[in-house]
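First chain written, first letter: the chains are A, B, C, D and E, and each begins at residue 1.
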């Protein structure tokens, strides 16, 4: 019986907690709507398209392929990214570069973004620092799945 | 026009080859003779030696590139080899080489344009008691100093 | 003849007003729910819907929702009973909407010599009528669950039926004490009784006379609305609910029914336990404070105050229900049944007996 | 007791001519050995004499000979005259001053082991000496000490001079064999040792010039006499070659066990231009360096091993105070990097690596951790190489770096 | 195969007692016991070189670390292959090797198979301390028809030099210069041009010599390997077929990427010739993957389920009419022993068919080592089974043949299309078993796609009479089935000796049965 009573008290307390949150947030939001500036904000929400949170430096966004100073891709088509990719969304085809110091370059480099899970393993695996996920571009919506297949032209930037 | 040994040398080579149970073993003496006769051991000479000894030219090339005294580039009339090893450098071989470089106007490993002198710095010549020493076409000159070298080189001209 | 015509016209206007009121409340209850839950969770809540770039703290959001709901594809699964599948939400909607008939929004409004009850129909068994209609609403749920021909929907429907029927008992029993106190089933009479004073100062509201009855009624009514913590028929995380196979407007109707039930429950709570449209110490000619002061007001002001009081009370209970919904986690099914049968029903019986004893004394 | 054994007559003019040599009692030992002694007796005598190899490793010559198996295959003698160790020039002296002493040694050795063909592998730079040797050989042929049926003993022997072409590694016995066979002078895997599988897969004896030159003296004067000249375990005298910053650089034939201090200050006349002694390399460049405080040491195999150095080829290089130890290290590393044959990994890459580091330090781009790197790399080379060249490189580098660490650190 | 095993002695490797053959080396003994001692320059085909210094081990009683590849085991020898000292030494050697190594694993085709990489994984995993400039050398030197040399990657194990000296005796490669400048190279103007050059890329423990045929095509870790036997000549070299199982979402341009030699000291040692190595396109190109019916008889659609019924019915009709002389067979010797045996049994023993011809590729040129002039893998097997190998006689074929069963695509190479067409037109019904889509196919009523040797189970008899079994290395494409399956079904269907066929569910069982019938195959079964 006492146990049940304790439950009951806890239940009441629960609604007081949510009630308190409601009341204080309500108060500060009202002040804000009325244009009164306060130290405390009523809520933490960031107003996304207008207001953007700064992307953390380690945040993983759309991939990009790095280039050498002369504009050739830095990628040497070692296919480690292909190997490590858990969603199997990368495809690379190598070709011979006439420069014996480079030797190998990717003739095809395709990322199927509709499959990509943005785990960043490809970046970790890359021995040449040729692929990065630091474009800050996170808004990757397309009307067609085919448009989500990114090739060399789209990835080099 | 592939080079050919003189009849006299041919006889000498035959005699040398006869010393060894295998023809191949005579390669060093034969190469010494070749270098003496042609001034250097270029590809043509390598093939010649290979033919005489019944081996492949590549084996000759292996030997020629291994031993420092065998040269694939033609040397000057006088090959000045200056010891740069410990005993000699203790007694000023470094300065001595600098002096020669200045005097002949060539860096070690080069030949004067008139094909007269080739300057090399070499490892120990086995004449440490007369350091700093040098070798001009297998004649030893010890306890060198600029004055002495002037005399010697002038005597050669 | 003209009298009858006028009467009919007045009733028609009353129906329209009540329905508009109910639907508007429903519409804005969705907004309230979003906003309140957001504030509880330190968020801002829906605020983006705009008309010509004007977005007043998201007040246009319900319209956006409604438009979206209307234009969404109405998908009827091929394996469902199509007729019943289509009928179910309308049944639900109808039986909830009709309960508004018996709710008194205010006392009487005098226009000229005509007296208009601010109530669509002043039943003498209004309370029974409401309970009956609320119980009938369960058909919509059962039908939707069954007609969908989907296991999850069926489970949801069955759960809903079991839950509503179980709590119906406690709901009904909890009101017996009230009926004993206010010897009428006519809601307008019940409200009028609550205008009297107890000990000379305390309004004779149901909450003061029937506190236990109020608690049982509140809990049972919450369960009737099928919202958290009694949302077992829906159970988004496990079975999705009886409306699994619904989309578009029909699904929207079920959602509306949900919110309408909240409003109906609020109006009932207001009417039965919080004096309905009564404002403490406000008589038909103005305030008569127990400590002797008087403030005389014109009739129109009094009526407006009464309607406003009713609306404020309803709004408060809506707010409270939303608060509860966003505070507590869901019951386990056995706990739900235990709670209904082993706690609420006995409590309501205790309440009847207690009330009887006190009244006899 | 004679002070000098090998260099006794070096002062004589034209000693390299057989007539002069014979007048000094030359070829008596050959006659004694071939006419009066059996090969086993000679072997016994050499063993008793405790003649240890003069090339550097100090392996007893008699024992080495006894390893040669008795087979039908031809046997060969290779005289190691590839005197490449920096600081060493004793063999040059012997061969240019007294070639017949060497020839005599070869004849007796070959007779003892049953060899009919001997090669003198002489370094390429010694062309003039090679000519002198060849002249001496032809004289010996003319006098019947070489060729068929020497001195009517029924013993045949031919001696050939084989010139190398500039590779320090060919002083290593198996590399010498490879070079002699006409291949790149890269060392062979041991075992099998050359004594059983050597030149053209035949049993081969390889000895240093100085070692072989001692043979005639042992035969002539007896093993007991020879042992008396040196230490009981290490018979005979040793030719010390002194070079570097001393007043009188040159060779000094002294008994084993002479103090290093005495050699430098008494025999070689002390430091040049009165400079102060800084360090001494006691046994050719491969020997670990000794600092000025450590020179009070007996010059014999065991004493030097105790002092963590080695006698090697007994070539003493004296370094004065003015010389920067970094320069010494630079020369040492450059030498080994240049002379590594490139066959096995630690030596090929390790030496070049260390050389690159030292060069960088010399250019003033050194870092503190470079000295630790040198120590680590050198100790990684040591013991992990195919032939002793790796060790020979690592030992001086390690000792110089350890003993003069402070000075090296001042350069980084 | 050594007739008498050498005496076994006991040694201890890492305190574990291990049996070792007398006179073997520590490395071989360890390998036998399943302990891998790292090595680069050592290759079982050559005497130990001892230059890489990776195989150093500690042996009790020896002051220095000894080479496992050259040290001969002695009784009770106590070896530590993993002691701290050994690991330190290996690490040191590895550090040296990697110091002058370009570390371009990402572009190196050897990555994945590379020993240096493996050993770094095992012993290294250290940060590079090498801060100096690496030696610059030739990065991309074409040294043979399909070989590319990268001198910077070379660790100078000289396996290639020794291979060319000792196996091919052509000495195309040499080590030039010395010390850190040592490098492997060809003589100018010359190239590695022998029929075994491909082996160089295989024996190179690092990526110094890579194969142009495989260059940049894929990465080795994507490949799977299957064991098979090379059918391109009658040597029967043991090979590994490396194929790409495909990516789940992207198409791969090739199936088979390379052929490697599989060690078999009795046949091909460690080698395979360039013909066998690079001639793998027959596995992928123009493959037939569907049953083709050019003349549909009746409304029957033929599938593998009813094909033997169809063939059986035709043959039965002829044989019951005593007209088996109207049956003709054209065989080839790419068929396995088992298939030839079944054919012999069905057609020669049971049906007494006379017209059996063989259509094979013409003879090629032998190279005096592995490659034989015979271009079919199993001619010897056909002879041993009892076939009289007659070449195809079109006139005989054209006269009175009602039913022709032909195998293989080789027929078209032997005759002009016109003659072939004329001859085949006289034959009433003709069925072809072929693995290829070929113009020949249009001349037959039915073409049945069949598997190649790499895709089926069976055995071959090589030119020396050695019977070698093989398992499928690849999946046959499309609907293709191995011939033995069709033939044993057909045998069952004919009903002459159906019990015999029903007891032969696999080529293995057929081979055992063959051993009972033909003494030649008996001893091979053991």
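The rule is short, and it goes like this: a residue touches a chain if its C-beta (ideal position, glycine included) is under 8 Å from a C-beta of that chain, and two chains touch if they have at least 3 such contacts.
The UniProt protein names, listed by chain, are A = 4Fe-4S ferredoxin-type domain-containing protein.
Computed from a prediction, not measured in an experiment: that's the story for all the values here.
Touch-path distance (fewest steps) from chain A to chain C is 1. Looking at chain B and chain C, no chain is in contact with each of them. Among the chains in view, E has its Cα centre nearest the centre of the complete protein Cα set. Of the two chain pairs shown, B-D and B-E, the one joined by more C-beta contacts is B-D. Computed centre separation for the pair chain C/chain D is 113 angstrom, with centres defined by C-alpha atoms.
Computed from the mean C-alpha positions, the centre of chain D lies at a distance of 55 Å from the centre of chain E. Here the CA centre of chain A is 69 Å from the CA centre of chain B. Work out the mean CA point of chain A and of chain E, and you get 48 Å between them. Across the assembly, chain D contributes 167, 184, 338-339, 341 as residues in contact with two or more other chains. Multi-chain contact residues of chain E (touching two or more other chains) are listed as 175, 177-178. Residues of chain C in contact with at least two other chains: none.
Screening every pair of chains for touch gives A-C, A-E, B-D, B-E, D-E. Taken in their complex, chain D has these residues touching chain B: 74, 83-89, 91-92, 123-128, 158, 160, 162-168, 179-185, 200, 241-245, 249-251, 281, 285, 315, 317-320, 323, 327-328, 331-332, 334-335, 338-339, 341.
Across the complex, chain D is touched by residues 19-22, 24-29, 31-32, 53, 59, 62-63, 66-70, 81, 84-87, 89-91, 122-131, 135, 138-140 of chain B.
Against chain C, the residues of chain A that register as touching in their complex are 11, 14-15, 17-19, 21-22, 25-26, 29, 33, 42-45, 47.
For chain E in complex with chain D, the residues that touch the partner chain are 48-54, 56, 64-65, 67, 70, 89, 92-93, 95-97, 99-100, 129-130, 132-133, 135, 155-156, 175, 177-182. Residues 167, 169, 184, 189, 337-346, 348-353, 356-357, 360, 373, 380-381, 383-386 of chain D touch chain E in their complex.
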